[in-house]
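Shared between the two complexes below is chain A, which pairs with chain B and chain C, respectively.
Up next is the complex of A and B:
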């Protein structure tokens, strides 16, 4: 999932305090799971904003809504009419969702309430960790299912570097050396010999932005044009 | 005006410990602040930051959560989760400009009616000192 972290209340308040009305819009998928921008977090932020505006002596109409996802156009249908009653959307989705919100509801302003952190997993309740940098050219099969691009501080696909010590990374003692993890995992899989393989050069060209992926099968079908005779 | 202020104090109490303690306080005819309104829950683990904020939004002058003593929660660690929620809610209240002291967490054994009465009095006293919930006095005409 995409992991997000709520901005400080001060930052959020600063970004909306001059508005007359704002709809706090949650996203029911990734950021709901990482408890940063789902329905409950919408409730919390809206309650905070209502109290703050009252104490600050300003009148801001604060609305609440949550849609399934903010990265799919059709889910906005549910709030399109409601959104018209507000001056801006305070989106609690990831950066993609905030942008889509601005695009689908144009010219409505869409303001981010979260900082989008990474693609990651839930390691424990309340504890999320990055696992993938969306490099576009996944090499996990060769590295025991541990991503060298993400877990290695230097994204080395040919590690470890000289700074690996006692299983820790020289960038921070808190971080495991990705290459020690990879070695140990391959050992458990009886695949250490695979480390001798010469791998093909990683294709970094896929990392150019903005990325796009098209699957012809799902494109909207069109009538074949009759070839001119 | 100040003299007539009677604070509204909301207490979220777990069924097994704090609520039993409150019940016992009644049976023992212990006197405690009549300003306290009790919301009984199966476990304080059910308390969410949102409930605490809403209580203030709806005009509570002070709120406290009372769960079992550490290590004796009937649902293992609901009381510990509640304590984290109280800490979080205090932070949010401070952010918006409401005194975080209006909110507190207590751990009260079922047999400790005296502590329940003390908590009730303490929170009522705090509300008296701090005055009405600022949401009730600010942003209103007059």
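Up next is the complex of A and C:
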């Protein structure tokens, strides 16, 4: 999932305090799972904002809504009319959702309430960790299912640097050395010999931004439609 | 252009001695020139560090070039932290035309350990792929296979950490050493060694590669320094008796230098040379060399 982290209340307040009305809009998928921007968090943030506006002696109309996903156009239909009653959307989605909000509801302002952190997993309750950098060139098969691009602080694909200490990374003793993990995993799989594989040079050409992926199955009918015209 | 003097030194089978000159932050090269000229004729080559510990300073390319001008053989250190493959290849071509013949390929510390922790870490290439790029430039082509008009003739080296502490880390150091040799590393210099026994064990493994190894040494200045390195520097393990010795010494400078010379004497039969990282004591390097009987 995409893991988000709510901005501090002060940051959020600062970004909406001059508005007359704002709709706090949650996203019911990734950020709901990581407890940053789902329905529950929308309720909490809206309550906090109402309290703060009262204490600050300002009147801001604060509404609440949550849609299934802010990265799919169709889900905005449910709140399009409601959104018109507000000056801005305070989006609790990831950066993709915040941008789609601004695009679908144009010219309404869309203000982010979260910082988008990474693509990751739930390691324990309330503890999320990055696993994928969306590099567009998955090499996991060669590294025992541990991503050197993501887990190694230097994204080294040809072996570790000299900084591994007690199996931890030179960046922080809190972080595991990716290469020690890779070695131990491949050893368990009796595949240590895979480490001798030929030199790898990273290909960043797939990381040009903005990325786009078009499934050809969907592309074909459109092309036919065009040529028929 | 004649061959690298460092290469010739290895070929002559003499015990090779290298030292280090760390560029300072700023443009004043007075101290650098003083240190460099003190090391001249005392060592076979001088390593010029590349933004060591990720602290921004004068560049290793410019300083390596200055050393050439002063008649000192430089080892141009190149890390992969700050430049992508286009800049690295271009800098290597620049180094070649500036008369630099030795390159040491390193991954580079993370920016978080230096004085610009907000910098973007690059690591487009790594120490292995950089070596293969150097090999390619020597053969007259860039890493995409495009021909060069005039090729380089670098003598490339690499680093290895014989003190890696876990089975996995140790085996991976050996594996990476093999990869570096396959990618064109002609010699190695190591992380600081304090335990000749451990180093001997490593050399037994490394012997098979027939690639010269320079044992890294750092003179101890105090017990605090030793404890700091044991705690924070991967692969460095100062034995307790050495910590006790420097801690009890009346003249810590004298004892630290003596301990370093003694260590070099113990390491000498095990390897092809020594790399002295004086870390602020560069002016004392000739003293260490003399006391070690080199």
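The rule we apply is simple: the second predicted complex is superposed on the first by the 215 of 229 C-alpha atoms of A that agree within 3 Å, B and C clash if a C-alpha of one lies under 4 Å from a C-alpha of the other, contacts with A are read in each partner's own complex, and residues count from 1 in each chain.
Assume contacts are C-beta pairs under 8 Å (C-beta built on N, C-alpha and C of every residue); 3 or more make two chains touch, one makes a residue touch a chain.
Keep in mind that this is a model prediction, so the values were computed, not measured.
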Problem - Clash or fit (per the criteria above) of chain B with chain C on chain A - result: fit
Problem - Superposed model, angle subtended at chain A by chain C and chain B (C-alpha, nearest 10 degrees) - result: 110
Handout entry: First (chain B), second (chain C), both or neither touched by A:48
Key = first
Exercise for the section: Going by the touch definition up top, name the partner, chain B or chain C, that contacts more of chain A. Expected result: C
Problem - First, second, both or neither for A:57, with chain B first and chain C second - result: first
Practice task
Name the contact category of A:177: first (chain B only), second (chain C only), both, or neither.
Solution key: second
Exercise for the section: Check whether A:195 is in contact with chain B, with chain C, with both or with neither, and answer first, second, both or neither. Expected result: second
Problem - Nearest Cα pair across chain B and chain C, whole Å - result: 29
Handout entry: Residue numbers on chain A that touch chain C, as the complex places them
Key = 153-167, 170-171, 177, 179-180, 183-184, 187, 195-196, 199-202, 204
Problem - Interfacial residue positions of chain C with respect to chain A in the complex - result: 81, 107-110, 112-113, 121, 123-129, 132, 143, 159-161, 164-166, 168-169, 171-173, 175-176, 178-179, 182-183, 191, 234-235
Problem - chain B - residues contacting chain A, complex - result: 48-50, 53-54, 56-57, 92, 95-98, 134-135, 138-139
Handout entry: Contact set on chain A toward chain B in their complex
Key = 9-10, 40, 43-44, 47-48, 50-57
